[in-house]
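Structures incoming, each one as structure tokens.
Next, two complexes with chain A in common: one pairs it with chain B, the other with chain C.
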Partner chain A sequence: MMEDQEEKGNAENGIGRQKQVKDEYLLQFLDSLDGYLTLLDSLSSTLSQGWLELASARHAMGASRINGALLDLKVHAAATSLKVSEQDVDSMESQPCFTLCKWASSDNGERSSGEEKSLSPQLRHRNNSQLSGIISSPQRQKSLSVFGVLVSPKLRSAQLSFERALETLVEIANLHTTMLSMFEQVHKELENTNG
Partner chain B sequence: MYGFEAMTFNIHGGYLEAIVRGYRAGLLTAADYNNLCQCETLDDIKMHLSATEYGPYLQNEPSPLHTTTIVEKCTLKLVDEYKHMLCQATEPLSTFLEYITYGHMIDNVVLIVTGTLHERDVQELLEKCHPLGMFDSIATLAVAQNMRELYRLVLVDTPLAPYFSECITSEDLDDMNIEIMRNTLYKAYLEDFYKFCQKLGGATAEIMSDLLAFEADRRAVNITINSIGTELTRDDRRKLYSNFGLLYPYGHEELAVCEDIDQVRGVMEKYPPYQSIFSKLSYGESQMLDKAFYEEEFHYGVFFAYMRLREQEIRNLMWISECVAQNQKSRVHDSVVFIF
Partner chain C sequence: MAGRAQIPTKSSALIAMIADEFGVVLLCWDTVTGFLLAGVGNVDLRRKTNYLIVDSKTTVKAIEDAFKEFTTKEDIAIVLISQYVANMIRFLVDSYNKPIPAILEIPSKDHPYDPAHDSVLSRVKNLFSAESVASGRR
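Entry: the complex of A and B
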């Protein structure tokens, strides 16, 4: 009798733990879904802002100074790259993990993983330590130099907006894989319960 | 105060002054802008513009419209009007009218040179050039490797030749050299235009002095703001400012050392005409340009003012079109400058 009660207790504990695990997966799935939708919304508004700032820059500087015909077609290294790695989730499966390497320079065949490298100056350098982060990165300025060296602050703001949008896209991609993984877990748990 | 322009101006300039005053009456009004700002699509904008002088230029454009198409067609109207005035003008008005377009010529030269540096197709670049700044040998710019060749092969036979004396080097063209070339050319052009107007004398000299001084000051502010945080040193920045204008020379000394927008604002507020500059810069300029039409007669300033007002109008249309196309109508009043 006592053994029956103990077994019954253990079975109830097991069911409780299973339910707890299922709830946990479900909560994680819903959290990731919520984060995903929030990031999509954020991406949309960041891109809208970027496009408007670009239009504003074209309005200030003139269409002849900001247009697609000025983009550089020479072969050159990408200023920003995306690294895809496999991340172990629970030693049973792995999911892709996306990392953005911003302003990575491979001019000398070396990758600097987002660290800033100074360019060889064409004019005398100023001390940039007092300047805001918005305009101090040489790589950031170099990528805008296709439109000229003295560009409107609106163009720099547009650049930052599109940079933010790119970061958001990578976050969305990572969250998407997490969300799919959680969905699989929830689905598996449901099947186990029904089975 | 001035010469006896009233006695002699109409002999050669009367017809064209009447023409340009007629053109001026065709500028968009506040009511037109209010209608345009309420448009939902670019086709609505086209429909509203069909009732204005831009109508014939846009009527054959198929849907869906693009903002660049609207700007191109409106610019064509300005070009047609300018060419009509130029072919009817005699000296010195014809030279004056040509001076108005040298800024566009400089922009086109820089566009071709920059695009070539980036290995773009010359035909593609020519399509982006401003029609008022075209000249015969412009496509040949693509073969130049440095500024000396640029001058020797192409620009020596253009009106920009005298402005090149401070730019000629044998250094290969790159983004920085091109930027310095652009600003040095524009500085030389403005100063030359200023001297030409002074030589004309009379009401033209008086009115154009103010207009060109404003242009030089506006340029100085733009250079200052755009160079904040870049590698351009104070000395290099100062060298790009024109040698005339209300801000010359003390304002330039202060602008050269500005590190942020607040410091620029502080400098400009010391000059009464520019005290509200950051809130009303473009509007102030439009008022000043429009004054050239009303305050005096018998001077060439009306032609310069008309061209600038039309260009401002085209910029307004561009901004309104972009806001409508991007569904950002709440931002339309950020940059529209009402001329009337």
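Entry: the complex of A and C
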């Protein structure tokens, strides 16, 4: 009888632990979903600001100086790229982790690291001293020079806005993979419960 | 470990863009232009770009071809697609299930982001609505 009671206790503990694990997956999923929606909202604001600044730059410089004909179709590598690494979530799964590499120099066939931002799913803030150092990057100037030597300050602001949007997008991409991974876990747990 | 999907690691991958720019000339291609200003534009030796500007003349087939091309290229890690454009090829976007490249639906200037149309969020919604129906029956 003692053994029966012990077995019953162990079974209840096992069920309790399973429930705890399911709740944990669900909480992680809901957290990542909340972060995803928050970041999308932030992205919308940043993009709106960028579009407005681009429109202001076009108004200041003229439509002929900012149009599709100026897009650089010469062979060139992207100055801003991504690094993809594998991140172990737990012993059963791995997921990709994206890191933004901004304004990497591609001179002489070698890529030196520009600004590498390993972005966890949290919003980052930039201070003024970092900003002034970043503005002078030659790759950044080259990107602006497609529209002429003297460009409106609004075009520079638009460039910064879209860079911020890129950073947000990389955070969204990382949260996106976490969310999908948690979603699969929750889905599996629900199927096991129903099955 | 058996059954574990391998994530290809890359030290330098691209961001591809399929963005919509409908309307008159002055309102065109702003999203792509903005991201090109941020340095993501790439033109390879075959003069192929990592972006597609969608306008009133762009066919659905062209968008589908670009989506298939960008999602099968090994050097692309994230594909940005305006949600309005994604809605035109919704079946293709929803049936995509690889971890890389990641597909991110973004708002465009004339079409704000709608969570109801997001591929991932609608999958989540279907799961929880199916579960609530199943638990109701139980």
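Throughout what follows, the second predicted complex is superposed on the first by the 173 of 195 C-alpha atoms of A that agree within 3 Å, B and C clash if a C-alpha of one lies under 4 Å from a C-alpha of the other, contacts with A are read in each partner's own complex, and residues count from 1 in each chain.
The rule is short, and it goes like this: a contact is a pair of C-beta atoms (placed from the backbone, for glycine too) under 8 Å apart; a residue touches a chain by one contact, two chains touch by 3 or more.
None of these values were measured; they are calculated from a predicted model.
Visitor: When the two structures are overlaid on chain A, which partner does A:74 contact: first (chain B), second (chain C), both, or neither?
Guide: In the superposition, A:74 touches chain B and chain C alike.
Visitor: If we overlay the two complexes on their shared chain A, which of chain B and chain C does A:150 touch? Say first, second, both or neither.
Guide: After superposing on A, A:150 lies in contact with chain B but is clear of chain C.
Visitor: Chain B or chain C: which reaches more residues on chain A?
Guide: Tallying touched residues of chain A, the top partner is C.
Visitor: Taking the superposition as given, does A:56 touch the first partner, chain B, the second, chain C, both, or neither?
Guide: first
Visitor: With the two structures laid over each other on chain A, which partner does A:64 touch: chain B (first), chain C (second), both, or neither?
Guide: A:64: touches chain B, not chain C.
Visitor: Once chain A of both complexes is superposed, is A:44 in touch with chain B (first), chain C (second), both, or neither?
Guide: It touches chain C, and chain B stays clear.
Visitor: In the superposed view, which residues of chain A touch chain B and also chain C?
Guide: 51, 55, 58, 63, 67, 71-74, 146
Visitor: If we count contacts the way the header does, which residues on chain A are in touch with chain C in the complex?
Guide: Residues 33, 36-37, 40, 43-44, 47, 50-51, 54-55, 58, 63, 66-68, 71-86, 91-96, 98, 101-104, 111, 139-140, 143-144, 146, 155, 158-159, 161-163, 165-166, 169-170, 172-173, 176-177, 179-180, 183, 186-187, 190, 194.
Visitor: Okay, in this complex, where on chain B does chain A touch?
Guide: 68, 71, 107-108, 110-111, 114-115, 118-120, 124-125, 127-130, 174-179, 182-183, 222-223, 225-233, 236, 259, 261, 315, 318-319, 322-323, 326-328, 331, 334-335
Visitor: How about chain C: which of its residues touch chain A in the complex?
Guide: That would be residues 1, 4-15, 25-26, 28-31, 33-45, 47, 49-50, 53, 77-78, 80, 99-100, 102, 104, 106-107, 109, 112-113, 115, 120-121, 123-124, 127, 131, 134 of chain C.
Visitor: Which of the residues in chain A end up touching chain B in this complex?
Guide: 48, 51-52, 55-56, 58-59, 62-65, 67, 69-74, 121-126, 128, 130-132, 134-136, 141, 145-146, 148-153
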